[in-house]
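Submitted below is the structure of interest, expressed as structure tokens.
To keep things simple, chains are lettered A, B, C and D as they appear, and every chain counts its residues starting from 1.
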Amino acid sequence: MTASGNPTRQVSIRYFAWLREKTGRSEETVEIGPGILTISDLVTWLRSRGPEYEAAFASPGTVRAAIDMTHVKSDAKISGAREIAFFPPVTGG
Amino acid sequence: MTASGNPTRQVSIRYFAWLREKTGRSEETVEIGPGILTISDLVTWLRSRGPEYEAAFASPGTVRAAIDMTHVKSDAKISGAREIAFFPPVTGG
Amino acid sequence: MSVSVEEKDFDISAEINALTLGNTGIGAVATFIGKVRGEAHGNKLQSMTLEHYPGMTEAELSDIEQEAVMRFHLSASRIVHRIGPLQPGENIVLVITCAAHRSDAFAACEFLMDYLKTRAPFWKKETGVTGEGRWVDARECDEAALTRWLKPA
Amino acid sequence: MSVSVEEKDFDISAEINALTLGNTGIGAVATFIGKVRGEAHGNKLQSMTLEHYPGMTEAELSDIEQEAVMRFHLSASRIVHRIGPLQPGENIVLVITCAAHRSDAFAACEFLMDYLKTRAPFWKKETGVTGEGRWVDARECDEAALTRWLKPA
């Protein structure tokens, strides 16, 4: 819907449980390009950033995501997101 | 199954909740004749003993019985019973 | 596995500790507390008095508890039921069920309450604020609740 | 209605009292406690560590609790979930639901646990007796348990 030519923008990304361990970080702020529209796009881009990301996202089916602290599916649009989180299926209780 | 000519025998009868209030007693020992074989027979006989019993057993469908502390139906045989109890449907919990 | 019928109030923390201490096979503890409400069928209550059939009560509760332990693979369980006069807000009954997993603990706790409500020989008499007494009627929905336990889970 | 995420243990008696004191409309209190078991999948545990997503956890738990309150006409409710390292036998989670009648209290308590297990962002890491760590896998039966809440009761 938005006009093309979006500048890159900053988004905060958080990792929990074994995604935190595999990526080696719990939080980072990244610059993402205008071509990255959905959670899936973001995962694909993150995997290209290095072997630790490649390992963390090797089985995308076991990774869950949240945008601004709300559960979302992998096809969710990330426009406007301030904080995106990746984590395994939850195991509390 | 037993031979006829059974002597009368003693049985302890207990009354709870409004059956206790209506009969005016919580426990009594009665002599019951050989023709009284079931809980129903016993109720019929008790009702003949006076207006307080008549009032207590006026609606037999609302009276429950136990023989020796086990719930029974109105057609249960009372031979061998040491203690028979009458009470309304239970309302604990 | 134990059953108590008593006038005094119970201490849920102490009861749970007694059941679970040292048993690390327990992953789930379900409990239920029944309390005296301040109003019933639109009538304000002053108090409620619980009568029971000593001996039969304990026998019925023990039978029900034994059935629950077998059916739901309980690690431990406990039933405490109070008798005598009780005020609105006071506790009436405590049921605790302990199992490895929550589905068994929950099902057993509901099973125990459903059977207790329809089998254990307790009777409640309400005293209204104007002093009039009324024996509580059995509820048909309590009898109906039993039917779900007829088929094995 | 309130939610806490904290390292320290909870006091079930104090929590129940805080919910019920002075509210004589409450006739039924259902509670659930989840505990760390000493063994999982045949492996003995030394400890378990609970990680969570601060902020999202509280938001999810509050949403779930609000849904339960409306769906089951709760008079009061409470969720406490612990985080950090826990030993076998220690408490993990407490859910309390208060209603006029037991069917609502029980259903709400199970509903809260089912949703908490599949929606609240907590993750458990087990440490075995030989020191090796292992992230607990989500259980399919927890996801399946949700389906029973899809149809209105």
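Keep in mind that, in the parts below, contacts are C-beta pairs under 8 Å (C-beta built on N, C-alpha and C of every residue); 3 or more make two chains touch, one makes a residue touch a chain.
Note that the structure is predicted; figures quoted are calculated from it, not measured.
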Item to check | Centroid comparison with subunit C (C-alpha atoms), farthest chain | outcome: A
Item to check | Centre distance in Å when subunit C and subunit D are each reduced to the mean of their C-alpha atoms | outcome: 22
Checklist entry - Taking each chain's centre as the mean of its CA atoms, how far is subunit A from subunit D in angstrom? => result 28
Item to check | For subunit A paired with subunit C, centre-to-centre distance based on mean C-alpha positions, whole Å | outcome: 49
Item to check | In subunit C, residues with contacts to at least two other chains | outcome: 34, 102, 113
Checklist entry - What are the residues of subunit B that contact at least two other chains? => result 93
Checklist outcome for this item: Full set of chain pairs in contact is A-D, B-C, C-D
Checklist outcome for this item: subunit C partner, complex, touching residues on subunit D are 11-13, 16, 20-39, 88-89, 100, 102-103, 105-106, 109-110, 113, 145
Checklist entry - Which part of subunit B faces subunit C closely enough to touch in the complex? => result 14, 16-18, 20, 66, 69-71, 85, 87-93
Next on the checklist: Using the touch definition from the top, list the residues of subunit D that touch subunit A in their complex.
Outcome noted: 34, 50-53, 55-56, 59-60, 81, 92-93, 113, 116-125, 135-138
